[in-house]
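Got some structures for you, see below.
One chain, chain A, links the two complexes that follow: it is found with chain B in the first and with chain C in the second.
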Partner chain A sequence: MGTDISPAEFDLIVIGTGLQESLIAAAASKREKSVLHLDPAGYYGSQWTSFQLDQFLDWSKSHGCDTSEASDNGIGSQQTSTLKNTAEEESFLEVPISNDPGTYTNVEVQRAEGAELGPSKEYNIDVAPRVVHCAGSLINALLDAGAQNYLEFKLLQQSYVWREGRYVRVPASRADIFKDRSLSPVDKRALMRFLQKAQQSFLGQPTGLERDKAFVEVLREEGLAQPLRDVIMYALACIPSSQEEPGLTGRPVSAAGGMAALARYMESVGRYGADTAAFLVPLYGGGELPQAFCRVAAVAGALYVLRQPVTSVLLHPDSRSCAGITTSTGQVLRCKALATSCGLLPPLLPSRSAQQPDESPDESAQRPDESPAESAQLPYELPAESAQQQRVSQAVAIIDRPLQEDESQVLVVLPPGAVSNIHPVYALQVGPATACAPADRYLLYLSTPAAAATAAQDLRPALEALVNVHGVDCNVAATSTKQGEEQSGSDARPNALLSAYYNRVASPSDSALQHQPANVAVCDPPDASIGYEAALQGAQALLQRLFPDVQGEGLFPGGSRANDDESDEEAIEALSEVLDKLGTPRITANEAV
Partner chain B sequence: MSLRRQDYDYLIKLLLIGDSGVGKSCLLLRFSEDSFTSSFITTIGIDFKIKKILIDNKWIKLQIWDTAGQERFRTITSAYYRGAMGILLVYDVTDESSFNNIRNWMRNIEQHASDNVNKVLVGNKCDMDESKRRVPYSQGQALADEFGIQFFETSAKSNIKVDEVFQSIAKDVMLRLRDSQTDSPSAGPAGSGNVHLNSTTNSAKQSKGCC
Partner chain C sequence: MHGRPRVPLGTPEDPEKVKASKQRLALFSRLCNEVLARRAARRYDPEPMILAAKLLEQNPEVYTVWNYRREALQDTLQGEHGSDAADAAVKTELQLTETALQKNPKSYATWHHRKWLVQLGVVSLERELKLVTKLLAVDSRNFLAWAYRRFVVERACVPLEDEEQYSMECINANFSNYSAWHARTVLLPRIHAAQPTTSLADLLAADSAPNQAAAPGLVPLWALGQELDVVQQATFTDPEDQSAWVYHRWLLSQLMAHHTAQSSKGQAALKESEDMLNQEIMRCEALLESETDRSKCKWPILTLARLLELRGSQQTGTGVQEGGPDQQLIRNLYGELMDIDPMRKGYYADALEGKANVVTRPV
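So, the complex of A and B:
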């Protein structure tokens, strides 16, 4: 474009327009910091974006030939620091940065021959699909930021658990629990008892519940059988990874963590109308969410530039704090703080000697061959542990009718082992009612923590359980049309017209923050959960890292929900109400009277 | 759309689109508040404005959105176009490149807005001295004819034809909505059951107390 960006100095420069990046831009801008928000891409949302169908197919093609590992994105391989002299005759260490985070691998797309997909622009396909808790931090942030007019939502109509090859409604009310034929009287009693205990634990009454104990252990001790544990852990508390052997990896979720997640669900139930719905989905897809915060920032004065690659970060030679960036047009832009999407920056601080300022930066940088000073080489090596970044397997299918008649937005949880899956698989369906697909077409998203080598291996069994994928299987593609026409009436599954699989990075590399200067924040990629809680908490922490003066404030102070304590109290109050409704065992009810 | 207090017959969402400095915000402020300031450097702080007007005995509530400066580097969010019913394409009659860019904005609209959105072409700053004019009236009219849309030359500063532009686009939208009331195109989303955060929070709080 050739247009230089002016002014050339900002309080904050943000690279990438993902959710956390946009939250930070909006929060800083609302606090009257000068903000420049850039994106190398031509669209908003980075790893949180929604694509139209053509864009999605282009995107998958551009990642299709890349079968390399996620960490092989150029960072660390040929990084060298050089000295940059600006017009003011200041000298900076210039560190090249990547414009492709290399987040996606194992991308596979299969399309049924002759399938009518409809207009591309009527699709909004989320790259990292998830649902919004009605009473979650995201909703509060939207309200506090004044972004409520930018978005519309629809309620998720129903949650299901996939059990023994069929859909089982997730009981969301006392009546549901009593009606549920899959629950024995013993189960029902155990569930009621547990819920009462949960209620007490939130009211601060002694329950004998050890907060550090594994959540799953608590559930077992309460006499809750596997199917009930599955419902509580995966459908209500939305814990994204397996909590029981053989799938358990790492530390299981604690009782305190599990109870907090349960509380969030309970408080969400019924907040927006229908009395059983806990989740919302935004119209036009999740990509609208970062855009809403970008508009908040823009209205508050932030400057927006897309299609603007950044070639390097400039560091003060002595402190190694960030002083600015250089754009692909060669323009130097100064900043007091920098936030970026994950995967763009190499570690800017020496990995071993972070505290030792380089005593002779000029010398080592000017003659790297002659003086291979340790401090000049160490900083930009890719740390080995980043190879262990958590990955998520994703699938998306375009299907020709909803999973359940008349239900456009549903969530299906396939607990570990339901279809030989190791971790829970979350299947989210959206459709024309949320403007994510054209008429008579629906999107089915599947997500699970990566366990097998590829996303397709992780998710194909789950997808095949829910939909008929014969039409898109490569091997039978030639005969798919005939099969499609003569489909037997007994198969109630919708047909997949297109299916795509991919892996994506779901956690920042271990070094993302500890090897960066204090005025640099590296944002998290969309995490492995199906919600926004971690992203919002992470954004707040990053904002406080960059601007220590906002310590103790929410992302958007002045909003009605800025006070954390207050919302906690509200949450507990609401939880106990819901738990009351859900079912206090008769005995206690009598005692209470 | 769930309208609790129906003090209007139609709610119409309009957008302003066009290059930086052509006077979009000034048009909006002139129309909504009958004020003008020449000191705008670039848009800060204008999100959207509401104004109720009467057309053919129908009350129309206009919700008119400004670009929030995101047009400067052509970075208007796709979200900006959601649900837009009418769009004012604005250029500056003294700035030829702003006129030439109208075609780019038109492509942007085709990509992101719904197909049947109404449009109007607006050449602003027509109060300026003729010696400064770079785009003749006939050229604006020809482009509008090519697109098959209405054309106005306006001045937010001298308050020329500002009301007429908004009246015209609002009426076009109203007539379209009236004619196609049942089929509501592209519009699963515009249908019932949408959750608006602001309106429902209150009702949720109220319902908490009663059950």
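So, the complex of A and C:
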């Protein structure tokens, strides 16, 4: 039995240290709520974490035998509620919670025999890799919260589209479009005109756009050919699922949603220096981001306890709103509101009919009313049926040299059909320059919405297109690759020294969205996109759910952005110093302020 | 300096800020008076120089104080070269101007002071070139830095080709750069006239020997073709950006000069420049065809009108043929321009009567 946590009552208890959890903890702490932030694990980040190599291998081993579809069977279906009497003679309904969310499936790891991977500690392997929009909500939240001081970033150096077996540079900015001689002048015009339109619509100027029309339809009407449509939809707007036949399932992204995503991209280009890329990559991996917000929360007074499993949630027997939790040490901790990582809680409200009238089954109705412009911020809708949880196929490979010479941080987009893939595959490479891998080693992350039975089936063709995987899972790896190189002479692809595949949950389960009391927020897992926009929007909505009094404000109120105007104070100080030395009378009639 | 949002009119001022800036102003004017009083007294000892430096660090725009420093330094610097005192003085001035330029990279007085130092021949030109390149990387449209760059390049005898390449790099980074395009209008004729001698120093030497004079000449047609291609990339990327169109107009003046120079050599010799002109007409037409909103097409419309005028004068030697198909077209185009750009209505009316310069005058 460990030491009890004191005090035992909080405005907010947060379980799990993922990005949304940490944002909510920081936002509440900064508003002077008392916050307890727990994590059953010994590391920060939950499903947003970055692992060292050994940790990653342990993690994959612990999920290795799990080959079944984790179709929510473990969670909540067999919940046994008991009545618990606390010291204060109050009785609560006690609902046990799961500390193993079963988020990851189909984990496979292949390691090249005798491959030198280097020191484990120098790896930071993201479980849910993504890039940061320079002008996205995450950067704004970092600045508003004052968390920017805890982080360092590097710019993504180049984006490519994989077309007919070759890397094609993405014309990512006005200067790129001007320079790119592979685009015909007419294509240039069409592309630029469309990007300008996106900016106009972002600024609220009329564009004559039908907002509800499919984004891809608008692109077609603008006379943009397939290769340009691919660039706009997948490389610039970063839409994670296929928008055209045959891969299109479900509703395609709307014009308004696509334009908003495009406008965010355009805003991001050049924010950190003339003609610089739209994306940033954090040093030491994406796991640093939730940690930075945890630090903000801690500085504002939140209490942090890692390695603290939670066994149950306590509900008021009548209202069924959350009253607190029980830790694995048996301590009862009271709270006014609870936020958890996804997959931990069973549905706490048994059936929707019995509930308060404001508990609508429709998730969007639970969240505050969104204006069309706001809802347009979240254009992503994955093809999976709404009843099912969306899943993403991920792969990570450790490679022995960068995909492109001298380029450490690179994004490659493989549009649908590029390598017989149904949905776009996003390949993100990071390396020693962002402290994610040791010298001469690089990480290549691949992600795509799950379409086949396993992540390996979804992603192996894409990985094989970009890197030489023959060294992997072959006993005579070292010699065979050498021979292969001599034979083909010019395989420019880097070699994969290790590759891992897994599926992960990318959307909240139904039980997470519905059937929870109003003072409970279940955070979303990392979504299927390669950005942070959905996560930030979601965090804001969840914060408002827990604390209706913060309605309308941003995550972090009154964010004081650094003012780069030269300060009068400095000038006054410098001038006073000079004049003091002269010993002239300090104030004359004229100077009196 | 560019791209900063304007504070909307009528935004209430922060009283704290108003108070602070008033106090700052009071202190600054007092320092100013102190320094100017010392100048009136012709004091050139170190104390007023330190005060002057502090003043210029706060505001480099008080050119009288720069003059004061030059007066004070004249004897030290123009005396014997290489003395320790002179070296130290140069170092101080370089540092001071650098600090001032960080504060305001568009201060005429500061650039002038630095130029004065360089003209004394006591400054490393290589370092100056690096400095100005750095400043232009921060703001590639700083025309004061461009002017200083031309000055340094001439003194340092930098090959013209290097500068031509540099201007292209600037354009590739952001083609909305009048200075970079302008640099090409200066460099290209010199490069093509100066061959095989290529540096400006050689040119200047050649100038002093009139027999070998290599005056800036016409850019050959093949090179003009390349430039027109670059301009097309820019105008199709952003037809509303004026900078490339201004350069285009200069290229047309070169094209026309070729035509005039070849006119005595018969029809065959003229064909190449006529073909290039027709190609430009077709490019403008293609650009206009792809636009649905003609109100945003001022530049392609105006250029097309000018191109048609040029074709007319190529064909007849005098001007657009009366009553010909082009004449009506040109009238329509200028008429359209009066509608979409009413601020320059008078100019277009003059152009209709043939009173406007169609191309920039040949250099």
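Basically, the second predicted complex is superposed on the first by the 474 of 593 C-alpha atoms of A that agree within 3 Å, B and C clash if a C-alpha of one lies under 4 Å from a C-alpha of the other, contacts with A are read in each partner's own complex, and residues count from 1 in each chain.
Quick note on the criterion: a residue touches a chain if its C-beta (ideal position, glycine included) is under 8 Å from a C-beta of that chain, and two chains touch if they have at least 3 such contacts.
Please read all numbers here as calculations on a predicted model, not as lab measurements.
Asker: Hey, is it chain B or chain C that touches more of chain A?
Answerer: Higher number of touched chain A residues: B.
Asker: With both complexes overlaid on chain A, does A:459 touch chain B (first), chain C (second), both or neither?
Answerer: neither
Asker: Which holds for A:177: it touches chain B only (first), chain C only (second), both, or neither?
Answerer: Second partner only, chain C.
Asker: Examine A:397 and indicate which partner it touches, taking first as chain B and second as chain C; both and neither are also allowed.
Answerer: Touch partners of A:397: none, neither chain B nor chain C.
Asker: For A:97, using the defined touch cut-off, is the partner it touches chain B, chain C, both, or neither? Pick first, second, both or neither.
Answerer: After superposition on chain A, A:97 lies in contact with neither partner.
Asker: Which partner does A:186 contact after superposing on A: first (chain B), second (chain C), both, neither?
Answerer: second
Asker: Please report the chain A residues shared by its interface with chain B and its interface with chain C.
Answerer: Residues common to the chain A contacts of chain C and of chain B are 574, listed in rising order.
Asker: Which residues, counting only chain A, touch chain B once they are in their complex?
Answerer: The touching residues are 1, 3, 43-44, 121-122, 139, 142-143, 146, 148-155, 270-273, 280, 283-284, 287-288, 291-292, 294-295, 298-301, 303-306, 308, 431-435, 439, 574, 577, 581.
Asker: Which of the residues in chain A come into contact with chain C in the complex?
Answerer: Touching chain C: residues 174-175, 177-179, 181, 185-186, 188-190, 192-193, 274-275, 566, 568-569, 571-572, 574-576, 578-579, 582, 584, 588, 590-591, 593 of chain A.
Asker: Would you mind writing out the residues of chain B in touch with chain A in their complex?
Answerer: Going through chain B, the ones touching chain A are 44-48, 68-70, 72-75, 77-80, 82-83, 111-112, 186, 188-189, 191, 193-198, 200-201, 204, 207-208, 211.
Asker: Spell out the part of chain C that touches chain A in their complex, as residue ranges.
Answerer: Residues 17, 19-24, 26-31, 34, 51, 54, 57-58, 103, 137, 140, 172-175, 232-234, 236-239, 283, 286-287, 290-291 of chain C touch chain A in their complex.
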